[in-house]
Amino acid sequence: MATETAKFPEIPEKPVPLSPQQAEAMAQKQIKKHHVAIILLHWFNATVWFLEVATGAALISSPEFRFAPEWYIRMVETLFGTRSNLLHFHIAVGLAWIFVFAIYGTFGFRTYLLRQVYRKEIALDRDDIRWLMVRALRLLGRSDEPLPPQSNYNAGQKLFALAVYSLVPVIMITGLMMTFHWGSPEWIRAAIVAHFTAVGLIVSGLMVHVYMAAVFPEEKPAFFSMFTGKVNELFAYRHHFKWWREYKLEELKWRRKLELAWARTNGEAGAGATATGDEMATSEERNTTFTEPTEPLASAQERPAAERGSWLRRALRSPNDWPPYAAGFGLGLTLLASFILMGEGLGASSAFVRWTAALLGAVAPEQAAASPFWGRYLGEGQSPLVNFVVFEVIGVMIGGFVSGWLGGRLKVMVEKGPRISNRRRYALAFTGGMLSAIGARFARGCTSGQALSGGAVLAAGSWIFMMAVFAAGFAGAYLLRRDWT
Amino acid sequence: MARYAMVIDLKKCVACHACTVACNVEWNVPPGFARTKVASTGAIGKFPNVMESVFVSQCNHCDDPPCVKPCPTGATFQGTDGIVAVDKDLCIGCGFCVEACPYDARHIDPVTNKVDKCDFCSARLQRGELPACVETCTAHAKFFGDLEDRSSEVFRLVYDRGAKRLETDEVAVGPNVYYLGTEQQLELVAARFAPREPRMPKAGDWWSKVVKPLVFAAVGATFLGQAVAFFYQLWHGEEQFED
Amino acid sequence: MGGTRRDFLRSAAVAGTMAGAARGAPGEGPAPPGHHGVTPVHTIASNCEMCFWRCGILAEVENGKVVRIEGNPDHPLTKGRLCARGNAGIGLTYDPDRLKYPMLRTGARGEGKFRRVSWETALDYLAERLQEIKAKHGPEAVAFFPHGVASAFFRIVMEAYGTPNHAEPAFAQCRGPREVGYALTFGQGLGSPEPVDFDETRLIVLIGTHIGENVFTSQITQFAGALGRGAKLIVVDPRLSTAAAKADWWLPIRPGTDIALLLAWMNVLISDGAYDRDYIRRYATGFDRLARHVQGLTPEWAEPITEIPAAKIRATARAMAEAKPAVALHPGRHVTWYGDDSQRARAMAIVTALLGAWGRKGGIFLPTPISTGKIPTPPMPESERGRADGAGDKYPFASEEQGVTNGLIDATLTGQPYPIKGWIVYGQNVLESIPQREKTLQAIDKLDLLAVVDVLPVEQTLYADLVLPEATYLERYDMPHVVVTAKEPFLAVRFPAVKPMYESRPGWWIAKELAKRLGLKAYLPWETPEEHLEMLVKPLGVNPAALRARGAVKFPGRPYLENRRPEDGPLFPTPSGKIELYSTLAEEYGFDPLPRYTPVEDPPPGWFRLIYGRAPVHSFARSENNAILDGLMDENEVWVNDEAARALSLADGQMVVLENSDGVQTNAVRLRVTPGIRPDCAYMVHGFGHRSPKLHLAYGKGASDAGLMTRVKIDPMMGGTGMRVNFVRLLSGEEAG
């Protein structure tokens, strides 16, 4: 510490009062707090917790043990149709959760579980303990003492993490025991009680977590960081000073190395100038230059054209992708419309199946009719092409074309990662296509028919499918990450 | 609606075990287990003044079944026809119901690790058939029917011939398997096979008496704490916390 | 199929569907299609062979597999009911230990080493060996040990081959004495099922018969029906059997003294003048000699012998007198106990006659003969040398139809009256069902050929030169059988429900293939089972298709004396044409014309007389390897009186080894200490203690009573082996060795 302080005098060891200008500058500057994988994992986890607690509460129906009121249990039952659907859903989500965390644990064991988790997320130091006391007193308005400096996660978060890291394995193991009936009834009984206890304790902590994040004003930037991955520097300085300091030190070290390299190439001794300049301002500039990618400025010239007219026109003519929330909402409305107008949901893979069936029927009618699979489509009494999904998929193609044309994005290109050849891209696309077609037939539906349409009507199988898609996607993305970056 | 019941005539039953095997085959009950069991009180007395009675047991489909309440997941339930059944899909094999049954009519199937017991052959009833044990009973000692149907054989046997329920003052849960037999047989059976008090395993006591209040308290306390903080925040305005 | 049965609860189920609860009743909702609600099930009417009672079954077949067996409600005798074993039939067909293909022995006898061969090779081998023996020693040198209806086709081949030597334990180890005793008295035996009129009876008398533990479906139905109607029950048994526990009078008799009890009963009936005077006057001879014979044999005389209080003997005799003629004195089934068994059966027949119960409602009813079509075959060859087993000669009253198994074993051992060089064992278990197994093993040692046709690799197959795997009863057609001892006689057929598993073959196929190789094709002049069935049933006016659909067809019966017709033959086909209370025929052959009590030995102190019986869930030594039944009872126990056990410091549940007077010991077996047995007896269920390691479930479980039967007392009248003459003592773990 001492040597570092000596080396980097510009970074204070303890929080110092900031000038309004400094504060303003820091408030404007976003620094990265969370890796995108962590964000994804967080929201996956949050979804799982929501679904599992909601269904689990309805699953325990014994008047002796239940804690959810009867009306709630009935309501959830009704939502799922039968209690066994409810249980299957609970199990499917739980298994996906375990699977994802197993992958996370396996591939990120050293990075995340050992180093990061222990040091940053669990271990409490003296400041942390002090923080806990001050925090409580401040909450109750009994103290104005400033909060002791905190690292990446504050002491409250750490405490909660400690509970979560010790109880989550209990939940997972006891859940597996109940699902797969491991052990004698005595063990299963112990398992269900332990499952309940662990969830209960975490939920009581989860309430603080959710309140702090979503309701408590001071922590708002932390909440948003769970979407953007970034917090403003001022927040980091005030709430996670230790982490801010580490961040700055790291940044400075890099900068010096770079400057040294720069100086060497240019034969100038420019290193000293930086050291004597206005630290904050310079660091901000340099920081932007070196560590943060610049904002995308593409298509700046076209902007005026696209920004004219009504919002709808603007949206349609926009060269950029819609925000995913808007797109998702729109897709939901489309699905709803499909259910209302056509009486069935959206799909994709069965269109291909039907085209193949029609083709086979035309080329080799007898063989196709004899096949138990194809025969089903050919034996409907009309062409296999007379089907909503067939036309829907044609519509999707036309719609996609129109959308691209409106947005001025029509272009012949091979969409691929920067590092791979066209040939590899084609091979991968072919393999992936085959796999997804085969998988879609196993599942009797693809991401459209099963996950989207089925998921929307809360079919247990569809949710299992969806969880499996996420889990497998997570694993597959890791293996193929080099093909896209 | 119906109120299904069974009457077993111990005077006629000769302990041939056909019921047990018919049931075991019908329901794939693994070896060593049974949904309906044939037993004996054992010989009682001093040679040559000895007496003994046969006894046949199975789920009693009680009016007030003690096995339903402790089932955490609702897998055990009582239908509108009085049949107490197990939804195997929901069963996690915890065995709370096994401990609760005063007649020890339930067991954990070692193959599925889920609870199993007699359900009066519901699936057969749906096909208009009698329960397998009744249909095969070589002694015609098992009778099955609807007690709400005054013309049924079981109605006659229960209300005219006075078939008895096997219950005690302490454990009176309204079993719907009734017994006919000589006075001596019924006495022997009552002495040997009287229902026991339902048991609650330790885990269950912990759950309902310790863990559940604890979790309620923890969740309640954090909730209250949050509420206090929230109102404090509202009272003082958000500015104080803003930077 | 029984429409009424299937519809039994239909209305209730329909009413149930109207319930609109959130979670309806389990019995509600749409009916599942099949057995387990998955695939359609089709049903084959056939009959059972888990024992020899041949109850009507419906085999439910799903995907080529029998998934469940139910009773056939159309069966005239069993009417849809089935016992534990019948319900467990699939456990036999799908027993993984089954004999799967023909095998020729490669190791030493008993070692269990075989080589798999084709049916072609196996049958050629068998035919060659048989021809060799015939050429060298004559056809009589081959003995045939069949059992049951399955062996009927094979038996035709053996008779055509020229041997008169066939014997099944059903006679000399089972019901032979009673057939002899009743035949000497009434001119005809009883047959199977025994025609006891439980349906109409007012009083049932069981002597050593343990109905309930000994289960024959229809007999149970009738027995329980009688009890339900309020019929009284007298049980004579040293042990409190299931039936004894239901009895109005339990007579725990000293073993071997039944004749004394029966004589005392006669004494009371006659001295009270309570016998059926009209019936005796009209139908019987020898009453005066009988009356003189039993004059002094009062209950007081019998009391010290039987250890039953005289008052109880008198009371039971009077109960019989009161209920006469509707007294069903069950003749017993396995009755080869003490060597005087035919005489005991005579005594039972005489009591039956005194009560006027033979051919009367509620007593013993009469068979109604029906005859099937004849299949034209060449005449059977006559043997010049006669039988080797002593039937009709050494044992004058032995059945030549069923033979004397132990007589054949003796002949094999001694070479007298002529050598026997080959055995064919078909569905019989010579080591378990015939006592003195060491003797049997020595006889096997002398053989040039031992061929075994069986379903399971029981111990005897380990000694066989050739093992042929037979299809189980669910997989084969068998000789249609006629049951005349039913109030309505009937004809029933076994049809295959599924194809034979592995390389097993039905008996008819094996017989035909062997006949072909022996040049005896003409004796089985049909090609398919269908053809065979048609030849047999056409003359009866029975449509084979209808028979096939229902499994059995019945005919009107004439079960009582009053409805007999001339074509049924004489009422009492005895020499005198009357009921022979005094048997002139017995006298002629040098036997007691009136039954006499001969004193029995008591076991020495610390020893017990070994008695044995059956369990309701097992069929002799046949079903212990059936997984379903093994799950219910996987070993036997030895019952000992509580006070006797206390004297020997033996505790309930402890493991003991039984040792007999010849030093033979059993496996360790659990002790059941109970007041429900006499202190001088030890009881165990027969059939356990299997010695074939190829029976994976049954091997080594429980103890074998058969192994302890090193001593027998031969019934001189018919050659039966009295087996309750062995004494045992109980050794706790340390003492055995």
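The letters A, B and C name the chains in turn, as written, and every chain counts its residues from 1.
The definition used in the following text is that a residue touches a chain if its C-beta (ideal position, glycine included) is under 8 Å from a C-beta of that chain, and two chains touch if they have at least 3 such contacts.
Predicted model, so just to flag it, every value in this text is computed and none were measured.
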{"item": "Of all other chains, the one whose Cα centre sits farthest from subunit B", "value": "A"}
{"item": "Contact-richer chain pair [A-B vs B-C]", "value": "B-C"}
{"item": "Intercentroid distance (Cα basis), subunit C paired with subunit A, Å", "value": "76"}
{"item": "Separation of subunit A from subunit B, taking each centre as the mean of its C-alpha atoms, in whole Å", "value": "47"}
{"item": "Centroid distance [mean C-alpha coordinates] between subunit C and subunit B, Å", "value": "40"}
{"item": "Contacting residues of subunit B [partner subunit C, same complex]", "value": "1-2, 4, 9, 11-18, 20-22, 24-26, 30-34, 40, 42-48, 50-54, 77, 79-83, 85, 119-120, 122-123, 125-130, 132, 135-141, 145-146, 149"}
{"item": "Subunit A - residues contacting subunit B, complex", "value": "23, 27, 59-65, 67, 83-84, 87-88, 139-141, 178-179, 181, 184-186, 188-193, 196-197, 200-201, 203-205, 207-208, 211, 215-218, 234-235, 238"}
{"item": "Residues of subunit B defined as touching subunit A within the complex", "value": "69-74, 87, 89-90, 92-96, 98, 108, 112-114, 201, 203-204, 206-208, 211-212, 214-216, 218-219, 221-223, 225-226, 228-230, 232-233, 236, 238, 241-243"}
{"item": "Interfacial residue positions of subunit C with respect to subunit B in the complex", "value": "5-10, 12-13, 15-16, 19, 21, 23-32, 37, 68-71, 80-88, 90, 211-213, 215, 217, 220-221, 223-225, 227-228, 240, 242-243, 245-246, 250, 252, 616-617, 627-632, 641-643, 674-679"}
